[in-house]
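One chain, subunit A, links the two complexes that follow: it is found with subunit B in the first and with subunit C in the second.
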Partner chain A sequence: MRRIELSRKARNNFNGWLFILPLVVYFALFQLAPIILSFFYSMTDWNGYSESYTFLGLENYIEVFTNPILYPDFWPSIGTTFLYVLYTVPASLVLALVVAALLNSKIKGERFFKTCFYIPSVTAGVAVSAMWIYMLDPSYGLVGAINEAFGTDINLLHSSSTALPTLAFMSVWGGLGYNVLIVLSAMKNINPQLYEACEVDGGGAIRKFFHVTVPGVLPTLFFLLITSTIGGLQAFDQMYLMTDGAYGTTTVMLEIYSLYNDNSEVGMASAMSYILFLIIMVFVFIQYAVVPQSDSSGKRKKRRAYGDTLRLMVELQAEGNR
Partner chain B sequence: MSLKKTLPLAAMALAMAGATLAGCTDNGGSGAADQINFMVYQPSDQDDHRALQDLITEFTDETGIQVRLNAVPKDNYDSTFKSAISRGSYKPDLAYMDQPLIATYASDGSICAIDELLAETIDLEAFNETALETNRYEGKLYGLPLNLTASVLFYNRALVSDEEAPETWAEWEAIATPADVALFEGVGSGGYAGWYFQAFIENCGGKLYDESTGQVAFNSDAGKEAAQFLKDIYRNETDDTIRSSSNAFINGDIMFKIGSSYDIDNMRKQNPNLDIGAILMPSKTGEHHYSVMGGENLVIPSCSTRRESAMKLMEFLMEKEHMELLAEFTGNFPSITEYQVTDDPVKQVVVDQFDELLMRPIVPGWMSVNDLYLGQAVTDILDHEEQRDIDEALSWAEEASNMALARQ
Partner chain C sequence: MATRSVSWSSFRRKGTVDRKDPKKVAAKVATYLILGILAFLFVFPYIWLVLASFKTPEAIFRPGFQLFPVDESGNLQFVFVNYTNALESLNLGRVFLNTMVVCVVNTALNLILNAMAGYAFARIDFAGRKWLFPFVLAAMMIPGAIMTIPNLVICQALGTIDTIWALILPFVMSIYNVFLMRQQFMGLSKELEEAAVMDGAGSLRVFFTICLPLVSPMLVVLGITTFMWNYSNFMWTLLALPTNNDVWTLARSLGELVSAGRSDPNRYPQMLAGSVITSLPLIVIFFVLQKYILQGISLGGVKE
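On to the complex of A and B.
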């Protein structure tokens, strides 16, 4: 029998492909295929289970823009989602930076505090929501006790002016531990000589923070900015569990879910998800282009912005389809 | 790396890829030739699940037909059902179905008419008439009612005496509320609000849907009066705060609550000291006491290839003791009138309410009208912050509903 001889490069390629084959299959089936399929569904009136459907072309897309009678909540839900991002992202980043800086200043009990901050991140979302629902109950929880003691009428989850900020606060609290750990590990990697140099130049704690620490963790902060923004734009669980979208908390994911799951409008829900996809793509691209990163070279930065935005968007859309 | 070492790796990688793909295969039917798939609501506890399993074993022993149970939590049931009938690995041969969904699934051919499959042993006249009617679409019967319940008005007897319990809206509205107590728990929001609104509009002489025109009819004088009455008994924002608290009625902070038979044991379990009274739904004049109905039907999906075996299981489940057992799981009553017996005076009010039941319009897509438009309009009208005008909200809901129904 003739022995097959492969070149070293070919063997390496072959082995490489073999190792990533399960992941490629998974990606193709559960991420790429749903992205393509949902784009097709967005041009139909498919209800999610019938064998038949009508091809509508761009009708669903046009309808999202022109029929506020049937779909009155889509655009307000986009507004709600961006407002939620506005509440959560800056607060998350600033708090993470401050807390990480405090923990990095060699305080006693660093491990204890790290654990405390991280506990909400590893607790199931449903359990966290149940705890908050109890705490915020206007009659029986912590808020109930305040109402009783001071004769107030605080009802945070049942008011349009406070429900969304309350959910945003919960989200910041829940994600703080993760963000702090990431920023803290970036701070630990900053060269100590930079701090010494700053000291030699007469810099105090504040100057060291703004001139050494912040630039040192800028790439990490940018990473958190992007992931927090994407997380915020995908906000769903808390609204679904705690307010069911009432009192101005219908985010766009909740709106799409409701249209898909409760009303079998798979075509329209898919069209809305693609419109959201485009909106987010523009939004994230602007972030890439505007927000300072470690690499500030003009052309390269722009090219990276296109590439990274696209890559992130594919991941985001795959997540949404799931 | 030599080919000798590469081959086992290749085999492993292919096996993993194969395993990934294996999860996506569709065996297209019920598996074994003598097996049917039965899709049910997940019983609330292990004991009920075992009892259901025993019931199925009894059926298998009696008929030789194997049954594969697919118990799905009620909240996810409809979406799981849709997936199962379109591309599931175990397509159901018999399935539970919420009453108002029959028209939607019958109109697109997802469930099959059972008139010709129906055995002579089934006496259709024995069923509660309204519950049976929920299974009819365009003159054909698409299922049988398994159980039902009705909404009644519960009251806390520590706050409301039996003599005070109202028969008319005027009597209800005139009841004075003590400080820190709300009059009425409310009709909920979204889909629930749309569902309960039917009882209020029909108790005021109106209706939700006009069959002769094929258009919704809730934006009428009766609809506006019903909405205004609801707004009046919602009273003020202090009531709102009490209402939004967890288990406010159970904890004794609310005088009246709309609920069904399945709420009774639950309320007693959570607060054994709660003394519950119940009355038929009050109406504007006290002449009628209409209320909304809940419950499950049994249907045979069109994808079933073993319809006769499924029909045998359906008939088996319609026997007295089997029907009673299944009704017990959900806290409902059997749908056959003769079996609706209770010695509990509160539950007896629910049984009495069965004489004046309302079913939702048998129109494809009604659930969208109920949840997205009517329910939303009622929610907005009753929201003290939103303060949406009744005329404006009902007009929008009417326009959107008619537009949505025209597409069906």
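On to the complex of A and C.
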């Protein structure tokens, strides 16, 4: 009996490690090693190719905050990134909530509308940027046609007051379909009896929306709040492709990119990556602390909210965890 | 799954609109109007892009609003010159092949390797499982872009910068999807597996012939999303493939055209055609597999 037990254990160990081996190798090589190595380089002045470098300790981390002559764009890039999050996240959530509620009001053609809204989510970001560059062109695009017709001189991407809001608008446009799908699927899971109860109490459509729908999708909205904040803080593609950081659109990721690519400052780019990571973590913790996960306490509710969040995280990957 | 679809349809029947109430009719009309306008805002740019890509460069630069490709006297005139130019400047044959290799290899490896690891965490009681899993959870917390510079450092050390390996090796697995696969396997009933083990099937056989087919809906969703992510991935290709355009992907190559077009409108015609070429495969995949993609969201909730 004992021998059988033992051999079974050995077999489990063998099989388990066989199945997990690729993960262990991958994890060591492309998660653990990069984190450790780049943390080490963040404390050096390595340029990415030369044989020698100097160990600086925490100097990079201090320099980037305190040396506006060498790193003039760092503070502004943090401001720009925060502003971008402020423009995109609340608008995305409110719009997703409203559109999902409209789609949930027993209409015909729900699938048609969902498909329309989702198309930007399956278009490669580079192609979307190209499309918008043309549309917003002050001489040839859609904006060009408006300028021609009304004698205006609108150039949205070439003005400090409109460039970032325009990119934010594009981002809200591009992400709406995904957000709507997620909020809608949460709405469909709300118990219909809650609506009936509200109706019995004499509640109209608006009351039902605020007293049943909104509380019902709150955990989902909270999940979207966190993921879209994380995504917004890492914004890069649009800014690189459409404005190249001009007119107040240099985000932290773009700043990291140019330090790495244009200046070969691998050490500093690594340090900034860690700073951005800390900023993101602070945001996540603040949101966890401030925003209630569920309308009231109790283990059951909490577990439900957690389960909902997990379910929704499936689609997170659709957006590439950006 | 079955129980939910029943409750959905009963929910719908109960909510049938009372057509006589004018207030409700007005609300309905307003709903369709708002959704219709929104849908137009989402579809119109694509229609415009596609039509513009068939215009002659002369028509693209003609002032004023023209939706359809027309010549100077107003007759319809579709041309393919932008496409032939785009094929050349994108180096399409080559970059499309690269893109497909990267997407197919990464998707296939992701599906199998993530599932294996997820299965081990969910089902196999091996020594070390308990202390290994927290690492997975911790790694899941790290946002993707943050890993860009660290991964570049590693790829430099491995000498894979400017080679196709830089697009494959860092993306053959996804810690996040390992976690999702584990959740899926934990939701399966153990009876089938136990019966198979009784019959003398080994872990490998149980995994491949019994468990993997049971989670195939999830595999489809993760397969689609992994494929799409690799197809659209831009920032990494920009940094990891700085000069060697023999290994560029479609997104990287179009990105080059877009950066050029931003400052030189003469590149617009090619840029537009290039965008249509780049968007088309994913949009076709989306329409073919629409059912799975739109349902993908509720998949994680199958087990309850």
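The working rule: the second predicted complex is superposed on the first by the 274 of 322 C-alpha atoms of A that agree within 3 Å, B and C clash if a C-alpha of one lies under 4 Å from a C-alpha of the other, contacts with A are read in each partner's own complex, and residues count from 1 in each chain.
Assume a contact is a pair of C-beta atoms (placed from the backbone, for glycine too) under 8 Å apart; a residue touches a chain by one contact, two chains touch by 3 or more.
It should be emphasised that the depicted structure is a prediction, and the values quoted were computed from it without experimental measurement.
Chemist: If you stack the two complexes on chain A, which partner ends up touching A:70: first (subunit B), second (subunit C), both, or neither?
Modeler: In the superposition, A:70 contacts subunit B only.
Chemist: Once the structures are superposed on A, label A:149 by its partner contacts, choosing first (subunit B), second (subunit C), both or neither.
Modeler: In the superposed model, A:149 contacts subunit C only, not subunit B.
Chemist: Looking at the overlay, does A:120 come into contact with subunit B only (first), subunit C only (second), both, or neither?
Modeler: second
Chemist: Where does A:159 make contact in the superposed view: on subunit B (first), on subunit C (second), on both, or on neither?
Modeler: A:159 contacts subunit B only, not subunit C.
Chemist: Given the touch rule stated above, what does A:103 touch, subunit B (first), subunit C (second), both, or neither?
Modeler: A:103: touches subunit C, not subunit B.
Chemist: Check the residue A:263 against both partner chains and state whether it touches subunit B (first), subunit C (second), both, or neither.
Modeler: first
Chemist: Of the partners subunit B and subunit C, which touch A:192 in the superposed model: first, second, both, neither?
Modeler: Second partner only.
Chemist: Is A:138 contacted by the first partner subunit B, the second partner subunit C, both or neither?
Modeler: It touches subunit B, and subunit C stays clear.
Chemist: Using the superposition described at the top, determine whether subunit B or subunit C touches more residues of subunit A.
Modeler: The partner that reaches more residues of subunit A in the superposed model: C.
Chemist: By the touch definition at the top of the document, which applies to A:244: first (subunit B), second (subunit C), both, or neither?
Modeler: Both subunit B and subunit C are touched by A:244.
Chemist: Overlap of the subunit B and subunit C footprints on subunit A, residue-wise?
Modeler: Overlap of subunit B and subunit C footprints on subunit A: residues 11-12, 14-15, 19, 22, 26, 29, 48, 133-134, 137, 139-140, 144, 244, 261.
Chemist: Can you tell me which positions in subunit B touch subunit A when the two form their complex?
Modeler: The contact residues of subunit B facing subunit A are 1, 3, 6, 9-10, 13-14, 16-17, 20-21, 24, 79, 82-83, 85-86, 104, 108-110, 189-191, 237-238, 240-242, 244-246, 248, 251, 253, 367-368, 371-372, 379, 385-386, 396, 399-400, 403-404, 407.
Chemist: Quick check on the complex: what are the subunit A residues that touch subunit C?
Modeler: 11-17, 19-20, 22-24, 26-27, 29-31, 33-35, 37-38, 41, 48, 99, 102-103, 105-107, 111-120, 122-127, 129-135, 137, 139-140, 142, 144-145, 148-149, 173, 176-177, 181-182, 185, 188-189, 192, 205, 230, 233-234, 236-237, 240-244, 253, 256-257, 260-261, 266, 269-270, 273, 276-277, 280-281, 307-308, 310-318, 320-322
Chemist: What part of subunit A is in contact with subunit B in the complex they form?
Modeler: Residue list for subunit A touching subunit B: 4, 6, 11-12, 14-15, 18-19, 21-22, 25-26, 29, 45, 47-52, 69-70, 72, 133-134, 137-140, 144, 147, 153, 155, 157-160, 244, 246-247, 261-265.
Chemist: Okay, in this complex, where on subunit C does subunit A touch?
Modeler: Within the complex, subunit C touches subunit A at residues 4, 7-8, 10-12, 14-17, 27-28, 31-32, 34-35, 38-39, 41-43, 45-46, 48-49, 52, 60-61, 63-65, 113, 116-117, 119-121, 124-129, 132, 135-136, 139, 141-154, 156-157, 169-170, 172-178, 180, 183, 202-204, 207, 218, 221-222, 225-226, 228-229, 231-235, 238-239, 242, 250-251, 254-255, 257-259, 261-262, 265, 268, 271-272, 274-276, 278-279, 282-283, 285-286, 290, 293-294, 296-301.
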